[in-house]
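Take a look at these structures.
After this come two complexes, each holding chain A, first together with chain B and then together with chain C.
On to the complex of A and B.
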């Protein structure tokens, strides 16, 4: 695999990892914008705009957009997070020119008023559908509570109120401000010709405007702290959902690897301390810990859901477990096992062009560098038990903000 | 990629596709048994037994089983269908010996009475959880109705009654009858040494019993026909779910490829006739068609869910759409587009060792042959418009058994 990069005159970054042994090529336009870049009056606009991108351009209506992806057998989709909006596809190598043509075209959407109003209904339906899923509701509420006004706590979907009030012109203004060429990357990984890709992207994006789309809120929030209950009638939500958030290392932090190993030992979906303490004995239906590495900030997410009668017991177990790891660290055997797990997952993920493409993009966006699969494996391998102690001291697992969602009126 | 196969003295089949360029190796024990091989008094035993396999052996308790997978970073799981029970894992090449050791060991489970009673509660909970998911409930009911007593209509989970009544000895008897060596395949795909794999499997399974585990019910069911309504209170199920089943080509039928292309044109999740008629205009929340190729039988599944007020309209659209395709076939452009889609998906799937492993196993179990990625692509490429007409004549899309689940008391 060989890495390449290039910057176009308009500021658009092109990244590529060529692998002649791959059977496909994965590409994306990666836009560095998401809900943390929104003001409250346009809450949800990044995600709504992602939908609108598929509704057509001066050259293609929505039918033609879908048809032109289908014709080339593209596996295409898009997603919006707090920090990125990504339009991606995988195709067989021979279809790359047609794919770039349609993908670049839709990134300059018409945002027609009639499509805007139709899609608004779809988004409002989506908000209602998500709100009644307790797993999503507790995640959204827990983040809002933990971040306490920091823009990383902004909702990706927005609210019924913000979306209802949003106008087509507000969306167009957001688009003009955030979808400027220097804020976008064109990325490819797999079997393709680099020079040809640069040429294709250069041609298709030549008239994209330059401009400055800074992110000025890159601070590390301390977390609100405390235990927050959101009580729902038992006939609406029968299980108790608990999500705990603690500050963790940001995406570009040297201790990120050690933090991820701690999270694996404590809360991997199988074989972790939480698995043995909660999932295996059937105390909780689901239990686990993950890490969210963001731009300038990071967070550990510890969550479980269980029968309300067992919530206090489970909560006590999790708190004691976190206190124990915080005080005594992890064992050499746990450390080694977590490394093997993580290394194994990294290698397997490297077999897929779609995954390599996303990794190449993320490493560039968050760390400003390229890392091969081997670089990545070496970095995991280099983590020491001393790093684990250091990350625990710098980002204590006991520094939790707790949000509980379900029938209970108190958690302890 | 190179294919190998070998039969052990006890009758166990070993299959392998070696690919020195792969980064991992995927393996499975593939047991040719599932819910269609059950009698009503043990309904659900295949799936329950799959769970029990992870509960320990004379050499390992449940903790040790999980620990030994975790230690080597294995991505392991299992699944049960109407026809197969499969225990699979992906690891880095150096961990293959340890993986085979634990995987072969658990295939001879202790089935301890105390574990059996604990796990029974887990299964009973799972049945209740599934029953309240309308998408699952309509699938399960539609199959039961369509198959009208044919064992392919057996429920995979079983019922609260059958699982409650099941004894440990009934499960042990089923295990002895169905988990005999000639009814099991050991399969590997990816980066591994074939001779070493045969040696490992041979050693680990040497004492597995021989025996005959035939499947005597390989008939093609005609389908019950008719429209069947299962009416639920609107406060329990707010949407209307409709599933239509029609006989299709069995897994080893030469017309299977043509049938799959028809299904792609009619009901692929994107860009298909159903997508444009129902999903894109927002008439249905979800709509699509798939094909289930089984041992000696096959079925088209056509389904949608929507607001109850729109169910009659959607149902009419689907019926007219199916009648139109049945009468007039598909266009040359649709045919070509479906081929490109399917070819593209096949190639991309071929990049993953886990997917190649499953494909190698299925081709052997259902067709008694090995097919490389290139063989597979050539087979798709060879399908003609004449084949499409032939499969429509042999398996008409209009030969539907309709099951509707939701608040409505009539569908038209």
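On to the complex of A and C.
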């Protein structure tokens, strides 16, 4: 595998990892904007705009957009997070030119008023769709509570109120501010010709505007702390859902690998402390810990859901478990096992072009560097028990903000 | 690219399948045992799920914790699931760890401890899984659809019932294992960087002592599909539907896949375009194909806000019914490219390949070469698909809804 990069005169970054043995090529336009870059009056605009990007351009109506992806058998989609909006597709190598043509075209959407109103209904339905899934509802609420006004707590979908009130002109203004060439990367991984890709992207994006798309408030939030209950009637929500958030290392932090190993030891889906304490004895249906590494800040997410009658017991167990790891650290065996798991996952992820594409993009966006699969493996190998202690001291697992969602009125 | 596929039948009835994939460092396995929920005895629905859970709580010389640690120390990502007819055990890791991993799975299949002391924990997890369906309306409506559409035991909820789970004893679990876990008709499929002679020799050694016996026949009731409505105060009405298609071995199989593709392959397909895009009725609407060996169905799903649910149902049904009136050549061209691209792109995943060759063997008693599937997809014609739809029209569709208030189903 070979890495390449290039910056166009308008500031757009092009990245590529070529692998002649791959059967496909994965491509994306990666826009560095998301809900954290929104003001309250346009809450949800990044995600709504992601939908509108598929609604057509001067060259294509909405149907033609979908048809032109379909014609080349593209496995395409898009997603919006707190800080990225990504339009991606995987195709067989021979279809790369057609893919680049449609993908670059849609990044300059017409934002037609009539499409805007129709799509608004779909977004409103999507908001309800997530609200009725307690596993999602608790996550959204927990983030809002933990971040306490910090923009990373902004809702990605927005609310029924904010989306209903949003105008086409507000969206167009947001688009002009955020979708400038220097704020966008074109990325490819897999079986493709690099020079040809640079040429295709260069041609398709030559007239994209230059501009500054700064991000405000890149502070590390301390977390609100406390235990917050959102009580729902038992006939609406049958289980109790608990999500705990604690500050963790940001995406570009040297201790990120150690933090990820800690979260594997504490909350992986097999063999972790939480697995043995909650899942194995049948106390909680689902339990685990993950880490979210963002721009300038990170967070540990610890969550479980269980019968409401057992929620207090489970909560006590998790709290004691986190205190124990915080105080006494992890064992050498746990440390080695977590490394083994992570290394095995890295190797397998490296075998899929879509996963490589996303990793290459993220490493560049967050760390400003390229890392091959082998670089990545070496970095995991290099983590020491001392790093683990250091990350625990710097980002304590006991510094939790707790949100509970379900029938209960109190958790202890 | 030529495929390298191996098959080997053990004398006791177990079939070993392997596909060697160049350029990967991983290997995946997929095991099918005909011991799914359809085999649960009366009054003990949920037994298969309990057995599946308990099998990994200690086997051979290892107790539950040692077993889990051994797999984690080999970097095995894994899962067990109870299907209608089969129990599936699957996993993936680095290729060099494959043989030691299979040795552990031989213990799990042949020598599980099925500890009595952990039955309550397994029961508790099963009961919570049943309870959690109430918080996932989309999953619930699909379960309710299958219950009403398929004859017993094919339409059973694989999770069983709360009463069945409570009633099961450890003797039931152990006797279920003795009756159903023997090598006849068991499929062990492997894909990745495998060394066939070494794999074959090791599997012979690991499974040679597994004694075959006759499998109890499965009595399937006469089909009597029934539509229905489940009233629940939800913010989104869930709509599920089904009607008969042809199973995978049928000469019309690819025509059925073509028909489903025109309806629901991607964002240019009819359901997405006509129900979601043109009218903004809902976020999610799809059709899919599902098959047993002797029967198959086309199923559909839509979720919409209650005030839009009737129109969503009407328009969705209309799309299924009017498909027979005509298909544009361009629509079918797109389905062909999509099916072929997906086929090739799945070749990059060892897990997807292990699962695909196991599935082919289960349904067809052979592995379809990629060229055969590609040729069949190339051979799809509008006329062929329309003729299929005339023979198998969307008539007498079973519709199940979940939400506030029943909907009218027009049976034209």
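Going forward, the second predicted complex is superposed on the first by the 412 of 412 C-alpha atoms of A that agree within 3 Å, B and C clash if a C-alpha of one lies under 4 Å from a C-alpha of the other, contacts with A are read in each partner's own complex, and residues count from 1 in each chain.
One rule holds for everything that comes next: a residue touches a chain if its C-beta (ideal position, glycine included) is under 8 Å from a C-beta of that chain, and two chains touch if they have at least 3 such contacts.
Since the structure is predicted, the reported quantities are computational estimates derived from the model, not experimental observations.
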item: Partners on chain A (chain B, chain C) - clash or fit; value: clash
item: Touching partner for A:24 - first (chain B), second (chain C), both, neither; value: both
item: Touching partner for A:161 - first (chain B), second (chain C), both, neither; value: neither
item: Partner chain in contact with A:75 - chain B first, chain C second, else both or neither; value: both
item: Which superposed partner A:39 touches (first chain B, second chain C, both, neither); value: neither
item: Which superposed partner A:237 touches (first chain B, second chain C, both, neither); value: second
item: If touched residues of chain A are counted for chain B and for chain C, the larger one; value: C
item: Touching partner for A:343 - first (chain B), second (chain C), both, neither; value: both
item: Partner chain(s) touched by A:203 [first = chain B, second = chain C, both, neither]; value: neither
item: Overlap of the chain B and chain C footprints on chain A, listed as residue numbers; value: 21-24, 62-63, 66-67, 69-75, 90-92, 95, 118, 121-122, 270-271, 275-276, 280, 282, 337, 340-341, 343-345, 347-348, 351-353
item: Complex interface listing, chain C residues touching chain A; value: 1, 22-26, 57, 64-65, 68-69, 71-78, 92-94, 97, 120-125, 128-129, 131-132, 134-137, 233-236, 265-269, 272-273, 276-284, 303-305, 308, 330, 333-334, 337-342, 344-345, 347-350
item: Parts of chain B lying in touch with chain A, wherever the complex brings them together; value: 21-24, 62-63, 66-67, 69-75, 90-92, 95, 118, 121-122, 270-271, 275-276, 280, 282, 337, 340-345, 347-348, 350-353, 373
item: Residues of chain A touching chain C in the complex; value: 21-24, 54, 62-63, 66-67, 69-76, 90-92, 95, 118-122, 124-126, 128-129, 131-135, 235-239, 270-271, 275-276, 279-285, 305-307, 333, 336-337, 340-341, 343-345, 347-348, 351-353
